Structures are given as structure tokens and as C-alpha cells.
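What follows is a pair of complexes built around subunit A, which joins subunit B in one and subunit C in the other.
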Partner chain A sequence: MTSTARMAPRRTVGPAVPQSGHRKSVNRRRSVKPWNQRVAPYLFVLPNMLIFGLFVIYPAINNFNISMYDSGNGRDFTYVGGGNYQGMLSEAEFWSAARHTVVFAVFFVTLTTVVSIGLALLLNQRIKGRAFFRTVFFLPVVISPVVVGLIWGWIFERKNGLLNSLLGAAGLGQPGWLVNSTLAMAVVIFVGLWLHVGFYVLIVLAGLQGIDSTYYEAARMDGASGWQQLRLITLPLLRPTTMVVVILSLINGFQAFDYIWTLTGGGPVGGTTLMVQYIYEHAFQSPVQYGSAAAAAVVLFCAVFALTVINYLYNQRKESA
Partner chain B sequence: MRSPRISLTVASAAIVLLASCAPGSSSDGSKTKQADDKKLTYLYFTDGPDEQATRDLIDQFEKKTGAKVNLQIVPFDNLEQRLQARLSGNNAPDVARLTDITPFRADLLDLNKFQKGALGGKFLKGADAYVTGKGGELLAVPSDLTMNGPLINVDQFKKAGVPLPDPKKPWNWDEMVKDAKKVQAANKTQNAIAMDVSGHRFSTMLSQYGTDFFDKTGKKPAMDTGKATAAVKRFAELNASGTMPKDLWLQAGTKYKAANEIFLAQQTPVYLSGNWQVSAFAKGAKFSWAAAPNPCRKTCGGFPGGKFMASFKQSKHQKLAAEFIAFMNSEKSQEKLAKEANFLPTRKDLISSGVKYPVRDADMQTFLDDVKRTPQAAYGSAYSPAFGATADASVKELAKVLAGDSSPKEAVEAIRAAAQKALKDAQ
Partner chain C sequence: MSLTALRGSRDTPDARGTRGTRRWTSIGDGPTPTAGRVLAYAVLIGLSIVVLAPVVWAVLSSFKSQSELAQVPPSPLPSSLRTENYTGALSSFDFALYLKNSVIVTVGATLLTVVINTMCAYGLAKYNFRGRNLLFLVVLGTIMIPLQLIFIPVYQMAAQLGLVNSLWGLIIPPAATPTGVFLLRQYMLTIPDELIAAARIDGAGEFRIFTRIVVPLSGAAIAVVTIFSVMWRWNDFLWPLIISQDQSKYTLPVALAQFNSQLVAPFNYILAMSVVSMLPVVIIFLVLQRHIVRGIASTGLK
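Presenting the complex of A and B:
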């Protein structure tokens, strides 16, 4: 598609663009708007911004501030500058949690993206019981992650778990799903996928329904196969949606904690301890180290932010190419 | 293009906000203004049967003094977080029930100021160092004692034809393992012995093998490498052979996990836990069970623990709070609580005179016998300000041994290092 073609709809649907000579008069017109009309939009967003500022922005800034102090009780603070960061970076536990977080996030994001697109494509077909299947895939999203962790913990338990009882009855042995680090990580990724994929399926479904059906009609008339339609129409036009799925699942993957806590407790031997659990343990388990926990939270924020920006820029470049 | 003025304004606002949230230091609270009203708040977590006994005692205190006590029951899991948050908000309760006073030492009220006569020198000797401040202040009162020890499935022992251990003549580790394995084989249980996933419980085994994390002052690491390695090695062998449930320790992650479900499901004939299970099992167990004496190795006896009652410098009712603590820990009150909740007393007079329990008296006497057999060093270690952190580290290190990621000797070295760090952090 040429750039002219891309520009065309903007010219036709947008308001008339004022010529440069008219800019002053437009500004004057804006400036004479009654003050209440100018202030009204800000007043509408003010309540939300106040809540957002109080419960998100302020704690985030304060967290950065606390990361430069040492505190064992949240009341007495000693300034240590970058000491918490230094201490954290020299801790094997931190690197272990960071490594596990990366492994988890890579598999979680990849699988979530692929599976959610696959399921959305299936659920977008005109099949019998479509609404039922959509509900089934979405249901885990509304279950408490704590409960999800507990239930899957019972299912994967080695000696008395449901899965191993079935495997044992079939003569397939009883793998130690939650006592082997590699298997436990696989279980945690699987449960994360099961829990969240329904939400991403919804996003992809919305994206699919936004694709103009005339593209497919034209492609069919040109003799394109189903695979060609998927590869050349669906997936490229889903790119903005895919980017949303990737960014959200990336954030989700880096924030994973609740169901892992109840499923494995970060074990065995720290094999499924991710960054948020590392932060939680430093902040809320004795001996409390608020400064170290805050420093780890800052590092996690920077990592997620950097990955999001890189992903965004990469997609922007792909779109403009 | 966006005006640079907007960016500048946003940046300035962020800096002002950042400056405004610079953490400060709390005051020591020693000059907290005292209120005239007679209202107390008591932050409490319950083990179950103690709640009603506590409420009854509160009623008695209210009648006696005309005070009003607001009992605030919170889950044990987030007791410390809640208390830290309340202290940060200058909203500390007047009295709290705690298992570990270390994180709050600087905030605790010196009870000697108000109740020295009623509380001084009345309690178990081992806890003295723990509840005494640097300047001799009485920071808390040990309100109940716990004693670790085994519980056995009597039905399964009988079915296997294995005689029950004599509470007066403790068995040793080899005898306990041998008997438990026989019972396991006869009853086809999954395991022979189960131990809670807890560094506190493992400390019992360490003590029986002749060593502890800390010395009797609780202020020096004292773990003997040879003795501790022997204990860790035995523990690892028992888990590797299936005598103990290895999965329990590996699946727990860093969380505390009790093995009571395994015992109640009759999948282990011997359960290494403690006296706090007595009242729960009295109601919940569908088979005949009993407390057994702790096994001996180098030493006999169990490992102590317990709860404490403390008040805070932030309290606006310091005098009344100290009076309440003294009342709740008087001989009469503690005896009532011990009897109704199957607790062990901490008062010297009650320990020497003994308590006659209306329910499961024989089991409680077994634990009381172990209180007497427990070496003084175990009390010093249990009440060390660094015990909690070291015990948590020991759980992680033991799990590494069970997973084959480290050797018993490496685990002992790592626990020693953790003990040293914990002591340094606690100072």
C-alpha cells in the first residue's frame, strides 16, 4: 500500500485542515472559549486522576525513594544511596529469581500469543455452541488465582494427585510434577496460560471482528487458500491487536505471583521463585527489608518498561516499513 | 510539538512529590500522651480453643477494672505486616499477642515501669534474655509455652504389634525409626515419620543430635559442624528412603507447611510436631492417638517455642495495658488458659506445681516431661532474636539437600552463615 493511499481516508474523514494564515484566528477563537468549557474536561478526569495519583503514581515515586533507604520496620530509615541495588545485584537469590522470571515470561508470552490467536480463530468460526465455548475458555479468568493455584496443586500432587492417579492407573508412572524444578516451571507456565488465555482470546476476537470481510471476499475471488488468507490478511491486520496481547501478557508474566505462591510456593528449591515473590519475601517476610524489596521493584519496573518500549518501537517500525 | 513548559511543570511536580515523600524517622513514643478513658485494644491471633478462654478472661478483667477490651482477631499469617503498618501509622494496639518480638523490640513498652512486682522473675528462665531489653526493660511476657514432640497413631502401633513408647523412658532415634518403619510396613502407610516443613521443627532434631543454631545466650552462633552434619545426613537419608515424605518439603517452596493432614489421613504413624496439635486432634482425629516422648540422641527433650504478650510505646493506655498483661498472665488466668486450650504454662509456679488438664491430660504430661528434659541451650537458641531468619534459611538449605543440589556439609555451612548474618541484622 502506498503512503498516498494511507493518507487518503484521513483527508476525507477529518475536519478541514486550517491553512497557516488562519492559525492565529483559530487560536484566538480557542482563547475566547468560556473558561468553564476549557476547564470542564479536566474536571471530568480529575476524580480518576486523583485516585490514580494517590494509589499508583505516589506509591511508585515513593517506592523509588524507599529503594535508597534501609529499613527493617517501615518507620526508621537510613539513607544508603545505591547500597540496596548493589547488595541485590550481588545476591545469588536475586539472579535466580531474575532468570526464572525471564524463562517464565518468554514461554508465557509466546504460548499466550500463539494459543490466544489460535483459539480466537477457532472461536470466530460459525460453529455450533460458539457462545458456550467462548464462555468455557473465559471462565478461568474469573476464578481467584489463589484458588486456581490450590486446585492445580492437588491435581499435580505426586502421590495422591488426580493426574498421577490417572497416569499410574494407565501404567505411565508418577512424575514428580512439583518436586522437580524443570517440571514445576512447566506446570507453572501451563497453569498461567490456562488462567489467562481466555482474556487474551477476547482481545484477539475483538481484533478479528474488526477486520473488514471484503478483504476475504476479494481474496477468495482471487483463489487464495485459507492458509494464504490467514498469513496475508488476518495476521498482518491483527498486528496491532497482537502487540496489545504481547505487551499485556509480558506485563502479566513479569507480575505473576498469586497462583504460583499457592501452587508451588516458589519451590522446589526456588525453582519457580519469580521476581514478584522475591519482592514479596523481602517486603513482608521476616526479616523485613523494605529497601531491598523497593529496589527489586524498581528493577522489575525498568525491565517491563524497557521491554514494552522496545516492543512498541519494533512494531511501529514494522508498520511504517 | 508539546510545550517544554508542560514537561517542566510535570518534572517539577514529580520532584516536589519525591521530596515530600522522603522517609523520616519515627519518634521513640516514650512521651505518648496518655488517655483518660479505660479502653484497650488487644491484637490477637487464635490457635482455636484459646479464643473462648481468652474472651472469658477478658470479661473477668473488664468486671474487675471497669475497662473495655476490644479483642481484634487477625489471621496469624499477616500479623506482623498488620502490626508494622499500624505502628507506621502511629496506631499501634495497646496489647498484642506475638510469636516473635524481634521486629518490634524498639517499639515495645517497658512493662517493668508499671508491673515489675507482678511480672518480674515469674516466668520460665530460658525466655529471660529474649524478653529483656538492653537496659533491663521487660519488653514482653511469655504467655504460653509450646514444646515440639512426636504424636503417634496408637491404632496402627497396636495393629503392627509394636509396643507404645514409654513417656517416662524416652526412646532413641534408632528405636523410633525402627518402630515407625515396622508400623508403616504393617499398615501399608505411605510414610513412617512426617515432620512439619519448619526450621523450628528441624531445630528439635538438631538439639537432640547435640547442637543448636545459637548458644544459651542466643547471641552467638554455636552450631557444631560435625553434629549438625550428622543430623542433616540422617534427615536426608530418611527422606530419600521414603521413611519421611520428601515431597512435602520440596513442594512447600518457602512456605510453612504442616504434616498434620498426612497424620490425620493415617498415612504416617509418627508425626513430629508439638503440643499445639493436641486440642485440634482431640476433636479431629478419627483414630486413637497419643503424644510420645521426644527421641534422644546426644540429648533428650524437645524444642521450645511460644507466644508473648506485649504493649507498645505508642499506646495511649500504657498503665492499663500493663495491668491487663499482668492479669492475663497471673497464676489463675494462665492456669485457666492452659487447661482450656491445652497450652503449656510459662510461669515457674505453674510448671513446678503442674497443671491437671481436663482433656488429654496424659498427652500434656508427656510434653511437660519433655519441657524438663529439654537442655537450656535449646531455650537460648529458640529465643535468640536471630532464630526466625536462621530457621527459614535452614528450610531452604534442607530442601536443597533433598533435591540433590547440595551436600549435608554444604547445607550446614550455609545455615551457619545465615545464622551469623541474622545475628548481625538483629543487632
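Presenting the complex of A and C:
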């Protein structure tokens, strides 16, 4: 006890602990550093920051600028002000993509959060083959989403698909999974979950390990049931992790594109076309409608940003209350 | 020293602890009711089948002939381990070229990523300089700006720099990964400043300190970034789809997606090449999963 008490205020002890940065700040900051030590950090960060600047930061700002211009070929631009936004908002295709994105994101985030917490709780017990299950659930995360979409699209095929062959053999009928837009959306959500949930299971597992086991010991001593322990200890203490899962899966869900592209191609009749695909098709496929693509990109950008901030603030407040 | 040490006091900094079975449990030893346990196993096994079945099915079917693939009901096993789908895809289409492009881009971008991310992380972790905090904020901020939200202006920048339809366009722009910088920086913070100070006293130059002391000590984190970068670049789709408009610059995922949607190549070829696309990353994952799991757990990032 005494040793920790002595350790605690160690910053005030000063020179006894050799912390170079700390000490330098005592005698004027810039004084003694030789020239090469002052220049070196800038040279070290330069290549990476240059690429950030050119390919992330400047484009992120330029996104707003571009959305004020229109172009039919992606080379010659004319200034149209807010015209792109007006055009976009009066376009049925945009609203369809926006609606589908929201539907997809809501189901994707909800299911991802619930399933990943459920699976992590199962895996956090003393269970034989836990390492095996963990490996299996994570496996899809490393597979190319393009390939995942291809394989599932083939399995969900109406006539020769594996699933319908099995259903047909069992006399359960052969639904047109990718022909009916509601079913196709369900399939897309399912494949998204299949592809990504293992990643979130890992995050939740890390969060579960962060919960002090003495809480459970005390709860058991007080006679709390397993369900009570889950409801009153695990889930509340897991909230920061849950927040991470919700934010990351939300950002992930709003960007969904590659596996949907090969799974349904956005069909049937745009039934699973989400925002990223809308933007891609308008900007890069003929007829090129650059303006509405850029405007939609700005809207998506702002939506993701706002949701992240709202979620963060909400959880901040809940934790402090 | 291990990455787990970064996660704060609740973890033991002992790397060997990650291998022990106890690490994945915190709800210790209470006797679980048998019915619940059976149910848990049933759920886990059932979901494992859902995860593995399509992958196994695809691998098995990649050896089937076109007529076998069209068979109803499908037979679970191919009649023989015929490799015609693989050889046929490579000979009648340019899949060898797409494979080569994918390998070049993956290797090139990963090398570049590791070099510039490590340098940047070192600058941010071990120097006090004006603007450091701002630059670190920039790194954190770029994590929040995925390509999917800004690809139009990024494409314009690439076009202005002449990077469209060039493999450099696939290598350079994605190479500065914010996740990599973040992960490496966090790791380098655990390297004692005294080591660097001692090397300076011995007369080592700044760059020499970096290559001789910091890089060797950051091996574990560099390994994680390398593995991540390989998987990201190998599986990348949206950016190559935009940049590689010319067929000769296609990467494997782009070729698979384009050929499948335009019904250019027969599905048995697509299937075989899908397996080729899956195989390297799955093997890397199975062999090195400890690093991957640790990397994700320590950053909470992909």
C-alpha cells in the first residue's frame, strides 16, 4: 500500500524519473535541440501526410466544392450552385437509394450488435473448441467481399442454387430470393452480417475481458442468477464496447457496396441499390450525372458524420448520468 | 513486449498470456446448467456450419464440370479432382495477368504502407514538435473518412496526377493507412525514450536510430500492419474498379465482378478464380491469426 502511495505523485518528483520530454519543458522548449532533431520529425511524417493531404483531406473538402458543379463527362464542369441538390432531391432514384440504405443500415446495425454480443457471450464461457469457433466466425472477414457476393449469389440462385435445391428436395418451395425485392434485401442484410459479424465478435470479446471478474464473484455470493448477472453486470459494463460496435457497424453499413454489387447488382430493379452504388453509377457509368453523384456523396458524408457524433454524445451523456 | 500492453492496466503485458485458454474468459468457473450448455454448443455448431458451408461448397464445386454444376439436385462432391476450371480460366482468359496485377499491387502497396506508416508513427510517437497534436488529430480524422464517401474527388485527384489506368494509382493513394499509423504509434509509445537518447549520445543520426533501434523493436506491430495491408489490398474492390478502367489493369476482384456481371466468363471459371482469390488470405489468416486478433483487439479497427 505504502509503495503505491509513494508511486502515485511521481510526476511532481521531477528529475528523479528520467522523462526527457518533461524535463525539457522545464528549461525553455526550443533551446537545446540540435538542428537535425528539429527537422527529423517533419521528414518522418512527410510522405504519409502528403498522401493523406492529396488523397483524403483535400478530396474530403473538395467534395463539397464539386457538388456545386455539373458535368456530363467528368472533365468539363459548369457551376450550378445548389442545382445538383435540387435535381437530386427531385429524383426518385435518389430517394429509393436513400430509403434502402436506411433500411439496410437499421437492420444491419441492430442484427450485428445483437448477434455479435450473443456470440461473444457464448464464446466467453468455458467451452470446448472455443478457439476453433472464434476462428470460424472470423474467417469471412478476411475473404474478398466480391467473392463472398459471388458465392452467396450463386447459392441463392432461384433454379440451380444450393439453397433452393435443398428446399425443393424438402418440399418447401423455391422462393425467388434475388427476384423479389424484399427477399433480396433480406439476403443482402444476411450476407452483410455473415461477412462482418466475426469482426465485431472479436471487439465484444475484448470488451468482455475488460470486465473485472470480482463483480461476478460478488454477484454470485449475493445469489444472483446467470440472467441477473448478464442484465445487471455484463450488459451495463459492456456499454462502451456496444457503442463502438454500433458506431463502426453504422459506418460500415452506410458504405456497403462491394458484396452487394456481385450478389444482386443492386437489383431487382434497384431494390438493393444503396447510396455508394448510386454514387458510383451516377459518376462513372453512362449516362454520367456527375452533379447528382457528388451531391449524394456530400449527403452521405454528412449523414455518417452526424450519426457518429450523435451516437458519441448520447453515450457520453448516458455514462455520466 | 506485446501489443496487449497497449490496452491499459487490465491486461497482463505478458505476450504468452494471449495463448492461454484463460484469456478468453472472464465469467469464470460457476457450474453452468447442462441444458444451457447443450444449447450453446448447438448454436455455435449450427452457426459454424452456416459460415463454413458456402466456402467449402465453393471450393468443392470449383472442381466440378459445367454439367455437374448444372445438375439438379447437385451432388455434394465433384466426380473427380479435375483442375480444368483452373487451367481453363488461366488459358482462355487473362486471369494470369489479373492475378499478376493483384500481386504487384498488394506487394507494392504493402511495402509502401509499412515504410511510410512506420516513419510517420515514429515521428508522431517520439518527437515533440510544433503541429504534432494537430497531425495526430488528422490521422484520427482520416480514420473517419472512408474512400466510399469521397471517391469522386479522390478519383479527380488521381486523374490530375495521371494515375488512372496505372498500377501506381492502385498502390500510392491507399498506402497511407490511418489505422496503420495509429497502431504503430501506440506501440512505439511503449519504447523507452532512454534507448533513443542513449543512441544519440553515442552519435547515431536520427534516421539511423529509426532503422537500427525503433524498427527492430516494433516488429510485432509492423507484422500486424503488414498482414492487414496485404488483406486490404488483395481484397480491395471499389478503388481498383474506379482506377482500372482498362481491362489490362484489372485486379482479380475487379475481373471477377466485371466478368460475372457481364456474363463474359462461364461460371465454373469464375468459381475457380474465386477460390484462387480466397486461398491466400485464408491461409495467411489461419497461420497468423494470433497477430490479426491482437491487432484488432488493440485498436478496435479493421
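Here is the rule we use: the second predicted complex is superposed on the first by the 271 of 321 C-alpha atoms of A that agree within 3 Å, B and C clash if a C-alpha of one lies under 4 Å from a C-alpha of the other, contacts with A are read in each partner's own complex, and residues count from 1 in each chain.
Definition applied: a contact is a pair of C-beta atoms (placed from the backbone, for glycine too) under 8 Å apart; a residue touches a chain by one contact, two chains touch by 3 or more.
What you see is a predicted model; the values in this text were computed from it and never measured.
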Discussion item. Contacts for A:144 in the overlay, against subunit B (first) and subunit C (second): which applies, first, second, both or neither?
Written reply: second
Worksheet item: First (subunit B), second (subunit C), both or neither: which does A:265 touch?
Response: both
Worksheet entry | Touched partner set for A:158, first subunit B, second subunit C, both or neither | first
Discussion item. Applying the document's definition of touch, where does A:100 land relative to subunit B and subunit C: first, second, both, or neither?
Written reply: neither
Worksheet, complete the sentence: Chosen between subunit B and subunit C, the partner touching more subunit A residues is C
Discussion item. Let me test your reading of the model: by the given contact rule, A:284 touches which partner, first (subunit B), second (subunit C), both or neither?
Written reply: both
Discussion item. With both complexes overlaid on chain A, does A:41 touch subunit B (first), subunit C (second), both or neither?
Written reply: second
Discussion item. For A:66, using the defined touch cut-off, is the partner it touches subunit B, subunit C, both, or neither? Pick first, second, both or neither.
Written reply: both
Item to complete: Quick one: classify A:54 as touching subunit B (first), subunit C (second), both or neither.
Response: second
Worksheet item: What part of subunit A is shared between its subunit B contacts and its subunit C contacts?
Response: 57-58, 62, 66, 159, 261, 265, 284
Worksheet, complete the sentence: In the complex, the residues of subunit B that touch subunit A are 14, 17-18, 21-26, 78, 80-81, 84-85, 87-88, 100, 102-104, 106-107, 190, 246-247, 250-255, 257, 388-389, 392, 396, 399-400, 403, 405, 422, 425-426
Item to complete: Could you pull out which subunit A residues touch subunit C in their complex?
Response: 18-21, 24, 29, 36-38, 40-45, 47-49, 51-52, 54-60, 62-63, 66, 119, 122-127, 129-147, 150-152, 154-155, 159-160, 162, 165-166, 168-169, 194, 198-199, 202-203, 205-206, 208-213, 216-217, 220, 226, 229, 234, 244, 248, 251, 254-255, 257-258, 261-262, 265, 276, 279-280, 283-284, 290, 293-294, 297, 300-301, 304-305, 308
Worksheet item: Which positions of subunit A touch subunit B when the two form their complex?
Response: 57-58, 61-62, 64-66, 69, 71-77, 153, 157-159, 176, 178-179, 181, 261, 264-270, 272-273, 277, 281, 284-288
Worksheet item: If you look only at subunit C, which of its residues touch subunit A in the complex?
Response: 7, 10-11, 21, 23-30, 32, 36-37, 40-41, 43-44, 47-48, 50-52, 54-55, 57-58, 69-70, 72-74, 115-117, 119-120, 122-124, 127-129, 132, 135, 138-139, 141-142, 144-146, 148-158, 161, 172-176, 178, 181, 193-194, 197, 200, 205-207, 210, 231, 234-235, 237-238, 241-242, 252-253, 256-257, 260-261, 267, 270-271, 274, 277-278, 281-282, 284-286, 289, 292-293, 296-297, 300, 302
